[in-house]
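Going by the order they are written in, the chains are A, B, C and D; count residues from 1 in each one.
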Amino acid sequence: MKAMTVRFALAVAGAMLGTALLAGPASAQDTVKIGVTQPLTGAFAASGNYVTEGARLAEEEINKAGGVLGKKIELIVEDNKSNPTEAVATAEKLIVKDKVPVMMGAWSSTLTLAVMPKLEEYKVPMLVETSSSGKITTSGNPYVFRISPTSEMEAKAFTPLFQSLGIKKADFLATNNDFGLGASKEFSEAAQRAGVEIGVKETMDPKATDFSAQLAKIKASGADTLFVTTAVEQITLILKQAKDQQLTARIITTGGSNSPDQLIAQAGEAANGSFHLVFFTPWFPEAVKNPDIARKFVGLWNEKKYNVGGLTEGFRGWDGVHVIFEAIRAAGKAEAEAITKALWDVKVKGVNGDIAFIKQGPAGKESAQNVPSVYLVKIDGGKVVRQ
Amino acid sequence: MKRALTALWLLFLASIPLWLTDLYALHVLIMTGIFIIAAMSLNLLLGYTGQLSLGHVAFFGIGAYASSLVSLGFEVHLLPNWLVSLEPKPVWFAMLCGVVLAGLSGWVIGRISFKVRGAYFVIVTVSFAEVVRLIALNWVELTQGPMALNNIPALRLAIPGVVELAFLRKPANYWLTLIVAVLCYVLIRRLVHSRAGRAMVALRENEALATSVGIDVTHYLVLATVVSAAMAGAAGVLYAHYVRIVDPDVFLFIYTVTMVIMVISGGKGTQAGPIVGGLIFGLLPDLLRAAAIKPEIQWVIYGVLMILIVHFLPEGIVPAARRWWQGRVPTAVIP
Amino acid sequence: MSGGIALVVEGLTLRFGGLTAVDNISFEVREGEVLSLIGPNGAGKTSAFNAITGYIEPARGEIRYRGARLTGLKASAIAARGVVRTFQKTSIFAGQTVHDNVAIGRHLHSRQRTLAIVAGLSSVAREEAQLTREVGDILHFVGLTSRADTVAASLPYGELRLLEVAIALAAKPTLLLLDEPVSGMNPVETASFMKLLGAIRARGITVLLVEHDMKMVMGASDRIICLNQGRIIASGTPDHIQGHPEVVRAYLGSKYVMSSPPP
Amino acid sequence: MDQLLQHALNALILGGTYALLGIGLTLIFGIMRVVNFTHGELYSFGAYMMFFCVMAIDVNFFVALALAVLAGIALGAILEIALLRRLKGTDIDTTMLVMIGAWIALQNLEQFTWSGVAKSIDTPFPSSPLVLGPVSVSWNRLFVFAVAAALIAGSYALITLTKLGKAMRATFQDRETALLMGVDIDFIHTATFALGSGLAAAAGALLGPVFVVYPTMGDLASLKAFAVVILGGLGSIPGATVGGFILAFMEELGAAYVSSGFRDGMGFLLIIAILLVRPTGLFAQKERIG
């Protein structure tokens, strides 16, 4: 027993030593680090990878032009595995171990909400590039800077279309998280205000692949329009399965994670006739506010032979890194506090439009929200057309 | 001599936050400690009673969710007109609730599932964990579903007007985890060196014979499950108030597997086994990450190691090392 | 109590699927005696054992021990009433030491409560110390003292069978059921086992024995009951059974029937 | 009514694939006493083989299907020979742990090879569905159902009619006696595991094009297969077939009329309920103790 304890102590001491080594020597600060947490694997993997590719393009472009503060910028990308607890772990790692002064992430609303307490704990700002839940900017976290629209903004932008599209009765199918449930709530309220009858509101697990039960139920409700909010993988399957079940209702997807190009490629004919709310229209860059920047971004994207379907996601990574870059330049130093302050005053010409922040949330602890542009497109004959 | 060594050893463990300045390494140690507690609890079932429970993570998750919900408060419609609500309670009380509720669910599961053995028992326990995960995922009103429970408060202990301790920083959380781990270790040690522990081992080795000398099978299996579930719950409680976010993925099968690997590799049915296994498989992911190995490959290494251990070290590291040591230094072994 | 009725088996019937293994048998075991159940393979001896000790549920019939019903009780509860058995196939706690094997057998006779164990009360430690002494006594009684720290699985066969008896004795039985305790033993081992049986008996423990070794049965039993195909075909003293034609026919096999005179 | 009909049709089609998954698992358990945690990995392996053949090297859809099944059979045989053969005779827990290790390794190898991004597979089927009055079903799913039914019938014929099947059944009934009768147990085990794996790969190759292919797709498939097997009783092919359809109907109707969120939970609730009432499943032929 005695000898046991000794051996055991030795074993543990060895393991401890390993941990100590793991800390490693502190690397010299020869770059300006930007922490990125994105879902590179799991349910939202496709979108997370596109956003990361967009961000990498921006990194390359900025460094070619000389970087910032005389140093190159360096993206440190961590995979949050589409899971909120992992998202927290990546934030912890980026802030504590890599000592990044600013972050970008974390793609979905759930992931972003999970990370937010860490931002407050360590006083590090995060640029939120994709999430749409209202809670993110209304919960009183002064380290949140969001460039994507809230579901509420989207629903408001959509309101006039209820009448012009002739919507009488609407069903809702949303993924079971902040993103989906938030959009489902905002759009159904907007629809009600516009005098549209509400049919069924169905949800699905973010990992589900078979929606036949939900679709059969939706078909039975007899509505003329179905609002779908989820990531592009599930939209693809929903379009295909809706066609299999001869669902005649018009399908409109919200949330901007819908990549019409990918839908055309993967859902084929089933994608025809569907409508999509997007925040960037690479098919007709002239339609956006800053067509030059949009063309440049599309050019660089195609140069890398990245998937064309990823453009509508990738632009967020690009815009996000550019906003952060401007803030670091304005702050004059790579420190969290200075960057937080500088972010409030940045004005950036982005792919989505002109980016600047307004205050949202409880007084004294406001979060920053950009007012982005929203576009509705339709897929017709295997092509994206302006609406 | 032995006492002095143990004290020295504990002192060393307790001193780590004082000299380890790398907060990330401390974070890894805390998470490892939490998983070691879970592995020790699984070992009580798997190692001592011989029941392979592959739903152990359910108790971990129930502890985490219960404690989080009691400390955050909730409002739930059980029926359309029947609203049940709970005001936020102090964290220490929530933690106790978490442990007790995990223990209670252990009692229920023990009662139900010991009707079946072998493959059926394994599948019942897997199913139980999966059902609990689906409840956590879909009972959005209570658990926030996939949105996760956020902003879980950290433990605060206060004697009003005298002293207040807030477990916000890593060293405090490390010590808390260490204290709970030592408590669990002592508890298991007492249990296995007693009448109850002998009864559990007897059931593992020869159930019919154990019954013939008057050992009540169900009683001791349920006792082991309750204690084991409560300890796993305690690990979950520590996790919830340290990480301060809980989502339905805490119920994922892979966490049960991690605990099983820790127990099997270290040596099931030995007290040091889950600790050695827990340290190896708790620290390994970060050592591999530091070596810039992709996460997928880390997991491949995990899986292959597991196969190799079962093939070549079926009893685990601790018993094998003990035998090796006995072969070398025959005088040092018998107390 | 010597001489009174200890165990009563009344109308015991056991069925497995469509097969009736034991068919309406009744017998009694008296306090302090050694009663043997004999009969050819498949006669239902071990099944009767299993029913008495609660391992299988009888289809019909009742079993009483010292006036209390055993039928319907769990096996562990039957052991708690002093009725303890051994197994036909060697049955030990293989991975534990000989000492620990016997300590497990002592289960019913320590009073540690779970809460006391968890709280680490000193009464628990005292009891553990006493337990070690008691285990030593039992090992001495069966002659395994020198093997106390050996892992049970590595014992030679004869000692394994002694260990089984030691485990059962640790449970302080008042009625001990031995299922073929000397099968596989050599004559020397069997002889010493018979001595042990005498010593057990001297402690006032009633013994119900199932055995094939006729020398052992005839030498050790007060009374014998012979079963065939689930029914009692004869009972009485060893002398009575030895010459009983039914027994000779059923048990000893056809070659004895051929040479024996017609009934 | 129309809605109910559509649900029933959906469940029928789904049930075929569940049964296919369950049969492979139940064979392996019944004959080898191995709780096969790699079953779901063979399922996703089949799907990825399909993706690789059709999308990467441009093989004909139907040829690819056959190739995927053959690859599954081969992988199953390799796993059995490399991992299980030397563990024969050890307890059920040990083999289970080895299978869990293999499951983790295989799944992450897949993730490493193909990345976590979901893949879709083109099919040669017409994109407009087959319409039967008020209900409709895609040609692809109909094809899946037909092939699944054929494979189930084929497996049943193999077990009941062929010499190999007889040897398998003998091993299932009583391993020792089978050994005495001159059955090559090693070969039977390899054949069983390969066959079970081939069926899982077939299910994956069939469903991959219907849904999408991603590395963790096997986990849910594994759990469903367990549910099916428990429902039908470990070791029973007719049991697994019926179990597959029961599970599919429970899920579809549960999702439609109770809550779509608990769709995947139905199976587990059913498992627990059934084990409480009838611990050996609905159709168990025989359960050995131990």
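Simple rule for what comes next: a residue touches a chain if its C-beta (ideal position, glycine included) is under 8 Å from a C-beta of that chain, and two chains touch if they have at least 3 such contacts.
As the structure is a prediction and not an experimental result, all values here were calculated from the model.
**Q** Return the chains shared as contacts by subunit A and subunit C, ordered by label.
**A** Shared contacts of subunit A and subunit C: B.
**Q** Just by CA atoms, which chain is the most central one?
**A** So the chain nearest the centre of the shown protein is B.
**Q** From the centre of subunit D, which chain's CA centre is farthest?
**A** C
**Q** Averaging over Cα atoms per chain, report the distance between subunit C and subunit D in Å.
**A** It comes to 49 Å between the two C-alpha centres.
**Q** Could you put a whole-Å number on the gap between the CA centroids of subunit B and subunit D?
**A** 32
**Q** Report the inter-chain centroid distance for subunit A and subunit B in whole angstrom, where each centroid is the mean of the CA atoms.
**A** Measuring from centre to centre gives 35 Å for this pair.
**Q** Quick one: subunit B and subunit C, Cα centre-to-centre, how many Å?
**A** 43
**Q** Of all the residues in subunit B, which ones touch at least 2 other chains?
**A** 137-138
**Q** So which bits of subunit A are touching at least two other chains?
**A** Counting only residues that touch two or more other chains, subunit A contributes 41, 176, 205.
**Q** All pairs of touching chains, please: list them by chain label.
**A** Final set of chain pairs in contact is A-B, A-D, B-C, B-D.
**Q** Under the touch definition given earlier, write down the residues of subunit D that touch subunit A in their complex.
**A** Subunit D residues touching subunit A: 2-3, 6-7, 10, 14, 111, 115-118, 120, 127-129, 131, 136-138, 141, 211-212, 214-217, 220, 251-252, 255-256, 260-261, 263-264.
**Q** Touching residues of subunit D toward subunit B in the complex: what are they?
**A** So the residues of subunit D in touch with subunit B come to 29, 33, 35, 83, 86-87, 92-94, 96-98, 100-109, 111-112, 219, 223, 226-227, 230, 234, 259, 261-262, 264-265, 268-269, 271-272, 275-276, 279-280, 290.
**Q** Quick one: in the complex, what on subunit C touches subunit B?
**A** Interface residues on subunit C, with respect to subunit B: 53, 55, 74-77, 79-80, 84-87, 91-96, 100, 103-105, 107-108, 110, 112, 114, 117-118, 120, 124, 128, 167-168, 170-171.
**Q** Which residues of subunit B touch subunit D in their complex?
**A** The touching residues are 52, 112-113, 115-116, 118-120, 122-124, 126-128, 130-131, 134-135, 137-138, 253-254, 257, 260, 264, 294, 296-300, 302-307, 310-311, 314.
**Q** So in the complex, which bits of subunit A are touching subunit D?
**A** Contacts found on subunit A: 40-42, 45-46, 49, 176, 202-205, 207-210, 212-214, 216-217, 219-220, 233, 236-237, 240, 243-246, 266, 268-270.
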